[in-house]
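Here the chain labels run A, B, C, D, E and F in written order, and each chain numbers its own residues starting at 1.
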Amino acid sequence: MLLHLQTWQEVEEYLEQNQGIIIPIGSTEQHGPTGLIGTDAICAEVIAKGVGEATGALVAPTVNIGMALHHLAFPGSISLQPTTLIQVTQDTVSSLAAAGFQRFFFINGHGGNIATLKAAFSQTYAHLANLKLPHADQVRCNVANWFMCREVYQLAKELYGEEEGSHATPSEVAVTQFVYPEAIKSAFLDKEVASGHPIYSAEDFRRHYPDGRMGSNPGLATPEHGKQLYQVAVKALSEQYLKFLDR
Amino acid sequence: MLLHLQTWQEVEEYLEQNQGIIIPIGSTEQHGPTGLIGTDAICAEVIAKGVGEATGALVAPTVNIGMALHHLAFPGSISLQPTTLIQVTQDTVSSLAAAGFQRFFFINGHGGNIATLKAAFSQTYAHLANLKLPHADQVRCNVANWFMCREVYQLAKELYGEEEGSHATPSEVAVTQFVYPEAIKSAFLDKEVASGHPIYSAEDFRRHYPDGRMGSNPGLATPEHGKQLYQVAVKALSEQYLKFLDR
Amino acid sequence: MLLHLQTWQEVEEYLEQNQGIIIPIGSTEQHGPTGLIGTDAICAEVIAKGVGEATGALVAPTVNIGMALHHLAFPGSISLQPTTLIQVTQDTVSSLAAAGFQRFFFINGHGGNIATLKAAFSQTYAHLANLKLPHADQVRCNVANWFMCREVYQLAKELYGEEEGSHATPSEVAVTQFVYPEAIKSAFLDKEVASGHPIYSAEDFRRHYPDGRMGSNPGLATPEHGKQLYQVAVKALSEQYLKFLDR
Amino acid sequence: MLLHLQTWQEVEEYLEQNQGIIIPIGSTEQHGPTGLIGTDAICAEVIAKGVGEATGALVAPTVNIGMALHHLAFPGSISLQPTTLIQVTQDTVSSLAAAGFQRFFFINGHGGNIATLKAAFSQTYAHLANLKLPHADQVRCNVANWFMCREVYQLAKELYGEEEGSHATPSEVAVTQFVYPEAIKSAFLDKEVASGHPIYSAEDFRRHYPDGRMGSNPGLATPEHGKQLYQVAVKALSEQYLKFLDR
Amino acid sequence: MLLHLQTWQEVEEYLEQNQGIIIPIGSTEQHGPTGLIGTDAICAEVIAKGVGEATGALVAPTVNIGMALHHLAFPGSISLQPTTLIQVTQDTVSSLAAAGFQRFFFINGHGGNIATLKAAFSQTYAHLANLKLPHADQVRCNVANWFMCREVYQLAKELYGEEEGSHATPSEVAVTQFVYPEAIKSAFLDKEVASGHPIYSAEDFRRHYPDGRMGSNPGLATPEHGKQLYQVAVKALSEQYLKFLDR
Amino acid sequence: MLLHLQTWQEVEEYLEQNQGIIIPIGSTEQHGPTGLIGTDAICAEVIAKGVGEATGALVAPTVNIGMALHHLAFPGSISLQPTTLIQVTQDTVSSLAAAGFQRFFFINGHGGNIATLKAAFSQTYAHLANLKLPHADQVRCNVANWFMCREVYQLAKELYGEEEGSHATPSEVAVTQFVYPEAIKSAFLDKEVASGHPIYSAEDFRRHYPDGRMGSNPGLATPEHGKQLYQVAVKALSEQYLKFLDR
């Protein structure tokens, strides 16, 4: 169930049975010479929809822009500052918690969002307690990174081994190829690809990762892989979501 | 051209010819007994894509959550605070302006966003000047409300007369029916519908507009109307965008 | 009744009868070669006092500095950032609402304040609800722009036609001449005056409007016009205020 | 010279000779049974104007609302939060410093503003340095409290001795009587008046100072005293201002 | 009793008897050629511990970084912005007030913290009232500057006369020599030392005070003086603290 | 070398050879019935000093209060909000980076700080780039959690096995016993100890972890263990620091 395709009265009925909601969050940032700028949002959104179908959960609209300050030296990248994303998260969760939602399951497509989301959850719990919202103490948030599910990780390793890398990976590119086969890109991909340098400033990132990839070979991606990865992720996250609801 | 389906190198090439970008912005809020919660975002997104196709402009991902504090007494509504939306807008425009974009054309689906967006534009111009960004003085933002285009307004009046109302209108509902025919809703719509009360707090809003509609009869909407409204809006906004680019 | 000339006990008595208050808000910004930097605050203040006399309403001290970032390339201009003005508005309304005021009628002299004030009102309603202030849901704010009253607008058109323009207008200059006849200025006013360019950054504004005027001929202003405009504005806004109280 | 009665071109000429400006700042808060709510702003404004006349300095519009959180339990009081007043001060000084002003002499009528203003000055210097404003290192701010001038203090002690007290003092009430003789109030003033309790929260303040006075007997005030105090303050602050300019 | 050496259950017991707590606050900033960068924190901490021992009060961990923006042109100095320190103070007091603490006695080692702390206290009282914390109206904060105690000041004048100066003073240096005899420094101290210039920006400060001292001769400091000053400060502040508790 | 025991001139000399600095960061929060409230700060500080001695690095004063919102239901706990800690971190790093420091090695004693610190680093890199600080692109921050070093983890597992748990662990308690043998506590420790519940709000935390421990048996701690753990941590982090400097 997609929240944006419901009426408020349908949401009211849903809440009588269920206080969980899934919030896909991605990023809008460079993904190397062949990766789409929307990769992280596309993956999070499609997988969240799949989990929503599998579990009957309501799925909120996708947060398309995340914390990607380190990618800003590449054109087309957009980032919120961490404090902005904290405020966006708090406003979002607070709006829904006031209506009765209690379980917020963020399906995340971007490693750079994790730290800020966790900080945001802490700040939001305290904010809701300060507001004396009834059941503030029942509100729980969780960030579930599809690419870090054990099953997804294993499949990626099987398919790509070391060439999976850590940004602009063949696995995330494959999922976007599965979703948007009409937007499969080809471009020169140097066999030599930088890796292992930690992430600091945007300028430093571009200096160390000149084409945007971090140790990955996205040339290995296929739409068929994407479908497999999608299915594995939906299955794993559906189980996680149901457990989260029951906790 | 959808930004999320481009690579960073394609954006780099685009910027050599063109410094304009379209940013759809909607809201996630109640739209009466038959209107979708995502109505404003759905309309802004589909029209922005149409304008992008008609003009060759790059279209950024949709800002799905806007300033809808007055709708928060209806479940499923989500709102940013105005200061949060100002920061989101500033972060977004600043990211893109640093890469060379200079014309930001927000296609907006929600009246409640207008004031905050205008405030955000002012703050952002000053921020970019403070940063001493080259060409900061060339950055221009514009909010184009599809439902306020003269041609759209005339068509809505022709189709619905006084029953157009001002929230959960048949015209916006019609556009969503055109986009998502599978999500056409039916529900009891009282002939008596409140109107004319200004917007104050969320609680006051719900007290005065108990089913969420403001003077509208969305029961008149059809997918065919939606298509017509869509086409008229795309045509009108494409012209506006091209003029904006040339200014 | 001017708030600053009352004691707290007089305010306490007032509140037993009446929960309305008028807040004049202007700006401190260039108004062309002959317009006073305080024009917007002077007009808002004198008209607010007139409305206070006509209706018995309490009138708060004038907010002298508003949102005028686009005028900052002209010396003597001062501006708050939008987020600062939002906070000022929220702090002001919250202070008074805690004491029992419920109707906040901002008499505004500056177009640049409107968007930010509207954003501030939204944020303030939510803030008061979060505080669980008794009667938070009864708090209502309204921005009444004296220069946009139908009757004022008609008189200005009669007196000045197209030469009214949109900034440093003869009508606002006339009101200041009526209030401060000792400060009537004369300076060269080019017959050619720029108009029609939207407002973006401060630097862009000065480039397009080199002497600060937007399509206006303030040389037509007279103190007598100012008196007429003042009277028409007071009459119109007094009626608006009384209606606002009763809503 | 009052800034609000100048044109921008007159300010431009002023700046060629002089980089100083006076900013009156008051408060809007209870001043006991007979003191005006605007006392602090009225005193600061009239004295600032006097200093402006005596020294040829430009005088900015009065900041009418200050930091008076501890008075909020009395109706009619309005307060900014300290962080809001810091932002207001920074925005104001930054606007003027960008135009070339370098000496900011705040004439202050309210003890409660002092700490926040000093904090604001520190933050503003750093902000201007961060902006790399030319001559940022020449910007200097000073808060001059008229009631703390040695000469004023001595006169107050002569006139009122211990009955001067520390809030709603006869000396500040006298100055307002001099300025607004038509607004002289009479009310019961208990001979017993609380004093000596430090300032904490608003509720605590009202509990300890039930009629709002702190150890004062404003019944001693006369307009003639007000004139004397005004003259002494103008003389003392004019000298301070001229020294400040030359530093 | 040092808070960091207690368990939460010991704190719970303490609170049954006593709602007071001492919070040492210093700064990390240049203190001239022979003064330690930690001088203000070292002094505040050791004296706070002494007061804790003398009175049985709980002593919180030291706030090591304060508001020292004007020292930032000297390497090794660290400063919070005033708005940051306000937030740190509010978060700290709010955490402890929620647990039942009501008397917050800040023992302060740095003049530059005073204004910001006072602003923070005001903001915090209002914040706690907004939260509707039980006993919010009982919360009281106080900043006690060890170097401004009458007895300390007298001893410093006796020992050093005019050479005490106002920054990098022999008295504060002496206290650090008493605490860290192993870190006594020697360096060239020009007999000529600047004094009397007010504090503005960091760059201005260094220009006027090139070696960091303000009118002081820290060469006079000895560990024995430090011990005396320490003892006098502990005695004076212990009395102040006990009075503060009883108010 | 402890920063607080240096003069600014000694720091200036240090910077000619070395641009690295170590910043210990802990927390002030409950650590179960026998753990000290200062445990995380004590551990971070002592280990940071050890690393400073082993590597010749400068060590900044300890950040004693961290992000511990989830512990606030236990008295004595103090927490910054995440946005406050972000600002503290940004102010701290910016102060030092302006003086020439480029490598910021945070030795962290509290898991709850990690997410916020990472968010803060991202925001700070962007802030420094916005300031156009020379060498902004060379600034690098790292959070090194002593308890997560492989060697420390292995030793803890050897010593305590499953009874290490994840909060109020015997290993961190042992380190505090080594540092403060005079503050070794004894209290009833239930054999049954909760574990495995994720961290949400403060109220939820206390409900699930009633005595504050998370799966740990701190009764196993000894000062001798503490010494071993300290030595292993210093060795491991010294190597990490030196590698970080060289990167």
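Keep this in mind: contacts are C-beta pairs under 8 Å (C-beta built on N, C-alpha and C of every residue); 3 or more make two chains touch, one makes a residue touch a chain.
Here the structure is a predicted model, which means the values were calculated and not measured.
> Which chain's centre, taken as the mean of its Cα atoms, is farthest from the centre of subunit C?
F
> State the pair with the higher C-beta contact count; candidates are A-B and B-C.
A-B
> I'd like to know which pair from A-F, C-D or B-C copies the E-F interface, where a copy means over half of the contact pairs are the same by residue number.
It is C-D that repeats the E-F interface.
> Taking the mean of the CA coordinates per chain, how far is subunit A from subunit C in Å?
Inter-chain centre distance comes to 46 Å.
> In angstrom, rounded to a whole number, how far apart do the mean CA points of subunit D and subunit E lie?
29
> Can you pull out the residues of subunit D that are in contact with at least two other chains?
Expected reply: 72, 81, 83, 132.
> Using the touch definition from the top, list the residues of subunit C that touch subunit D in their complex.
Residues of subunit C touching subunit D: 2-12, 15, 28, 30-38, 41-42, 60-65, 72, 74-81, 83-84, 87-88, 91-92, 95-96, 98-100, 180, 183, 185, 187, 212.
> Can you tell me which positions in subunit F touch subunit A when the two form their complex?
67, 69-70, 72, 81-83, 86, 112, 114-123, 125-126, 128-129, 136-142, 197-198, 200-204, 207, 247
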